[in-house]
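Each of the next two complexes has subunit A plus one more chain, namely subunit B in the first and subunit C in the second.
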Partner chain A sequence: MAGKHGWKCLAVGLLSLIAVPLAQAAAPAEKVIRIGAMYPMTGRPGLYGMDSVAAAEMAIDEINAKGVAGGYKIDAIFTDSKAKPAYAVRVANRYIAEDKVHFLFGVVSSGVGLAVTEVSKQNKVIFIGTDHAATELTVDNFQPYYFRVSNDTFQSMAAGALYLKEMAKTKPWKKIAYIGPDYSYGHAQWDELRYNLDRFGVPFEVVGEYWPKLSDPDYSAYITSIIKDKPDVLVAGFWGGDTVAFIKQAKAYGMFDKLTYFHPDAGGNYELMSAMGDELPLGLILSARHHNNWPVTERNKKFVEEFKKRTGRYPTYAAEGAYAGIYAIAQAVEKVGNPDDADALVKAMEGMKLNLPEDPEGFVSIIDPGTHQIMQVQAIGTTIANADFPPAKVMLGNWSVYQPADIFVPAEYIAAKRKK
Partner chain B sequence: MGRSDMKSLCNGNMLGWGALILAFALVPVLMTSQYQLNVACNVLIWALFATSFNMLWGVTGMLSFGQALYYGVGGYAIGLTVTYLGSQWYFAAFAAGLLFTLVLSFLLGLLVIRVGGVYYTMLTLAFGQLAWQIMFKLYDFTGGDDGLQGITLPGLLANKVYYYYFVMILVLLAVWVLKRMAYSPFGLILRGVRQNPNRVRFLGRRVRRNQLRVYIVASLFATVAGALMAGVDGSVHTDMFFWTTSGEVILMSVLGGISHFFGPFCGAVVIILIEDIVGAHTEYWSLLIGSIIMVMVIGFPRGLVGGALDVAAKVRATLQGAKHDDTTLTAGLGK
Partner chain C sequence: MDFSFLLTQMVSGLTMATLLFLVASGLTLIFGVGNVFNFAHGSFYMLGAYLGYQVVTVWSLNFWFALLFAALGAGVIGALIECLVLRRIYGRANEGGFQILLTYCLILIIDDLVKLVWGAEYKSISRPAGFSGSLTVGDIAIPSYNLLIIAIGLVVVVASWWILNRTRPGKIARAAAVDREMLGALGINVPLTMTVVFGIATALGGLTGALAAPLRTVTPGAGIEVIIDSMIVVVMGGMGNFWGAWLGALLLGEVNAFAVAFVPEWATLFSFLVMVVVLIFKPEGLFAPRTTRKV
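Coming up: the complex of A and B.
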């Protein structure tokens, strides 16, 4: 009878549930630092993921060529997180239970980062965040096994507030407006910018807030509203393809002749320069977590050129975060002598100094022991003609550089957030 | 059907349920890592979600694209209550989620069942997306797209093995109830509604009332699935409400076969395993699922279970040299 066969089919499916993972279990290799990385490899954030993977592999090859103390080699597994928190949690659990990783690694979306940090906390496995920028991870939701090796939105916005303060001396402004994607990342940037403007005593008047949805294909209604509201400064909180789409559409309306465009967290990503070529308007004030043409140091030049050699393209800022993360792991294991003692590795990473491509001469990045957030300089520039990094025809220049001591999350802010 | 046939069917059913319970009950004993428990939890919960969804689609012919709404309600009932009031309110949250779904599905059901076919599908999609947008916008309350983390479970449920058995018992119980329902007189009316609503009316049965009933039932079980999932991951996200979540259960049902009660269950098992095993090795896992679905739709339009039964019947016919008996398949809902 067909009913019985239905049961048989179900039984076969269930047996495979047990048998396949059993067959998959493999003995871990000797003297290996195992890293379980999660990046989006497909869809709109796919480029961030692909650049991160390429840079992480580049760092692994460099380190393995020299060798880590104690004869360890680094081995990383990369999985597409699909930018979905629930799926990433499953992957993280698999990494810990099946692959016995010593470190969780990566993640572009803050929502995914917040979900994975919970897995890291429960299992006491260190999670190195390389790209996501939500300040909550190191402040509100801080847990000892989480470290971030790229600047967060608070640092970008604090640097942004200082830039606007200085700019007021040469180019007086008062009216400010904000446009950003309508989700936590967009809202956090605006909250943190206003907090920092108040903190640095910068007077401002908000004339408009605009919240298009993420990946909105048409910004024309927002652009006409912005032009009508006449802000002196328009702060933008987009990332990726949204920045490109918005700037292309706003240019058609002549918006950039009427106001100062200011985009201090992700606006200066090389993705924008390569996508827009000579269409990118000059004089926009932008920043990102890493720049291909700043600082002009041998370390940064080598990083950018090596990346170009491996992939055939120049890196977006996500790449340097992943590169830094691998070096942080290698340095921590070097200090502790093995990758198995998570608590010792945490101690080794607290206050760790890292010499990274984005560090200017005479400065080294340092991991803050209180928040496990890396402290780095933030450079904000304006768009100028520069064809040294094709297909970009415009790059950032006229840099203003902010030291971590001036832009780091203040203790009272941390205390207030953690009290909640 | 003669008495001996009935007896044989009952024995077959008992054997099937026994094998099902045993297979899942053995997972904590045979597992080589905690992760397998996590995968098994995912399989069970998605299987329940897909099976409850198929009561609407496969049984009643109502293709809902908005069941993620009720799945999300379950997840957020637990997530919000535990976050704001503490884990001691877990069971109260479970009950509150079900009560909320009961009221919501009754009210929405009254609206959506007024239209049929693609209009019904679009309305369910619209309500689902509306709920997603509300949860997404209420940043301060729901955490927006960051979701809610650190959902702890009370007492013994905090132990992963105990929680697994809790999930297993609830899911299997729910599937058993749904199966009983699918083959009850109520289930027969639902199939009648799918095949010919006018005939159901001529028989003196109310089509809309039965559609509303099954909509509420399916929504309640989707809420149970969502509530259970909150405990597996320790976090909930607005993705739970998003249309792609509804799309996933549709995919599971198509893959397993909507004309068989256990089709969506099997589809869930296969999709979760493919996602897990193939996803571990390549980012092109979705290409594989896409290809499998394409092959299934062209080669086995009645899904994995339907296809497997066809193959089994052909093999049997070849071995016995007799024509194969396809009575159950033509009935539209094999056991």
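Coming up: the complex of A and C.
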């Protein structure tokens, strides 16, 4: 019996010796661009994570259908970042050590982004930031292997300052108050807005600053106190469900009849319109990193409708960032010819032009070589009745559009921050 | 600083305190009677908000029915969970550890179930008819819905006092808090008592979720937002003490409201500072927890 068994083993061994090289010759190993993505999938930021994953998969399907030059296909792994820096760092390290990813990708929270960029720097693996907005990542904490493919808070606050400057001509204002979450994202927006108001020579007087904790469910005390301050303009720096809760509660106090509500970074995200329906007050001044109804281009319409077809809902702005990130990777690999040479890929991405859904006619997004921050147009609008994107009944309109050259981080700001 | 501002700020604090108390009351009731620290209590609050959304927005039914439906729904689900899951760990050697693990798992499970049923998008409920207006005090309007919340909170406080002190089931619940073994020896069905108390506590959570939904965001993870402050209130009030939770919530709500008005940059810190001060001077909480008295 033992002898018989031995013969069998020998036969299988011999066959495998012949068959394996044959199989390899017949079907060469698939050329794969491996992406390790991290997004929060639970709790309040879960919606941003789910939209990002859906849009990234949409871009991957579109690109893989055509193939990347050199015969490459994109393969992404998605892991819940739990919106926790320490956990995301473990995931990123595992992606690099075990999955041998060519790119780290994603991240909603700037806190997580700041942690993951360190992993990217140490391992010389490119990290594509798709959603988090803290300017620190491309200015103070810049490292060559980090790229961001959505606008940062500086750009939205510079656009905001220009909007307020323009507004003063028709609706004079001087007193300003701020409310935003008490962590780096909230503080950065307020610092950057004041910096830009000064830069553009806009006079203002601060009458109140409020710092509720992130995800605070109750803003009543803040609202009554803001009304007491009597600002002409209230600037808000919330994101996600905090915006919805604040606006609902402020509406109950009649706050929007007493001041101009101004929320230029994340206030105009579709999640607010979809949650509040016809209860969303008109005339609020909001913006976001992508809008479902602006620009009115075929590219944007196709992106929005395709997303709706895949998921059954219209996208929040996080989706477009993830979609852009995948296209940036594909374009870089096309140029370099392989996904293995990180330094060549960095060079390829510096100054890269990308035609994205949020680009208006005649404009393409550009990745700034000095900061690795994408330069995009920022559109600020006011809430008007529009039921084209249900369940929303109110969308943004009356757009004011700002060009990247006017709102991008100035060289002296970068120099001063990096010097520190 | 005029009087009308102080009054509106006080009402703001009272609104926050009432919602906080309504969540914390359930949390402290379970702890007081069953000695279970239910980390997932916030998830029943969230479940109540979603059940309210289902009734008001999806089924287009009455808001008052939504409150009832949310309380009943969360109560029944809570009772079932106690019966099927929690009961299995009572009396184990290290029950505390199992409680934390089990109730934490429940948070994740309920969060994901909610996402499966209603999706991850934020939801909202309109304020009920008759309560969308406001009462003007000086420069500031106080929303009538906030006054309704405060009134409902008062009703719950009075009703709970009456049930716990004047009715037989209330007395049984209080007795269970002191000595469950003795209660069993007297012929009371202790497991049933525990299930009912757990159901009532989670019903309070569900009711609060639906009551808060017209002012807050209905979203997965909403439970986590309320559980930390509720825990502060429960610890400050004295673990398991109903009235302590009420006083703790009032203290926290008002301190927060006036800190926001006068020292806004330190407002968040004050919630924790109040707890620290209370616990330094009264480590057992404002009202000492019920313990078996030695005679």
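Note that the second predicted complex is superposed on the first by the 390 of 420 C-alpha atoms of A that agree within 3 Å, B and C clash if a C-alpha of one lies under 4 Å from a C-alpha of the other, contacts with A are read in each partner's own complex, and residues count from 1 in each chain.
Basically, a contact is a pair of C-beta atoms (placed from the backbone, for glycine too) under 8 Å apart; a residue touches a chain by one contact, two chains touch by 3 or more.
As the structure is a computational prediction, the values presented were derived from the model and not from experiment.
Looking at the shared chain after the overlay, A:Tyr183 reaches subunit B, while subunit C stays out of its contact range. In the superposed pair of complexes, A:Gln249 makes contact with subunit C only, with no contact to subunit B. Counting the residues of subunit A that each partner touches, subunit B and subunit C differ, and the larger count belongs to B. Touch criterion met: A:Ser220 reaches subunit C, while subunit B stays clear of it. Contacts of A:Thr42 after superposition: both subunit B and subunit C are touched.
Of the two partner chains placed by the overlay, only subunit C lies in contact with A:Gly277; subunit B stays clear of it.
In the superposed pair of complexes, A:Arg310 makes contact with neither subunit B nor subunit C.
By the touch criterion defined above, A:Lys165 reaches neither subunit B nor subunit C. With both structures placed on the common chain, the touch criterion links A:Ile96 to subunit B but leaves subunit C unconnected. In the superposition on chain A, A:Lys84 makes contact with subunit B only, while subunit C stays out of contact range. Shared interface residues of subunit A, touching subunit B in one complex and subunit C in the other, are 42, 182. Every residue of subunit B that touches subunit A in the complex is listed here, in rising order: 5, 8-9, 12-13, 15-16, 19-20, 23-24, 26-27, 30-36, 38-40, 42-43, 136-137, 139, 143-147, 149-150, 229, 233-235, 237, 239-240, 260-262, 265-266, 269-270, 273, 275-277, 279-280, 283, 285-286, 304-305, 308-309, 312-313, 326-329, 334-335. Residue ranges on subunit A touching subunit B, taken from their complex, read 1-11, 13-18, 20-22, 24-25, 41-42, 77, 79-80, 84-87, 89-91, 93-94, 96-98, 110-111, 114-115, 117-119, 122, 134, 136, 141, 182-184, 187. Those residues of subunit C that touch subunit A in the shared complex are 5, 8-9, 12-13, 15-16, 19, 108, 111-112, 115, 119-124, 126-127, 134, 139-143, 145-146, 212, 214-222, 224-226, 256-258, 260-261, 264-265, 267-268.
Of all residues in subunit A, only 42-44, 46-47, 50, 182, 208-213, 215-218, 220-225, 227-228, 240-242, 244-245, 248-249, 252-254, 271-272, 274-277, 279, 313 touch subunit C in the complex they form.
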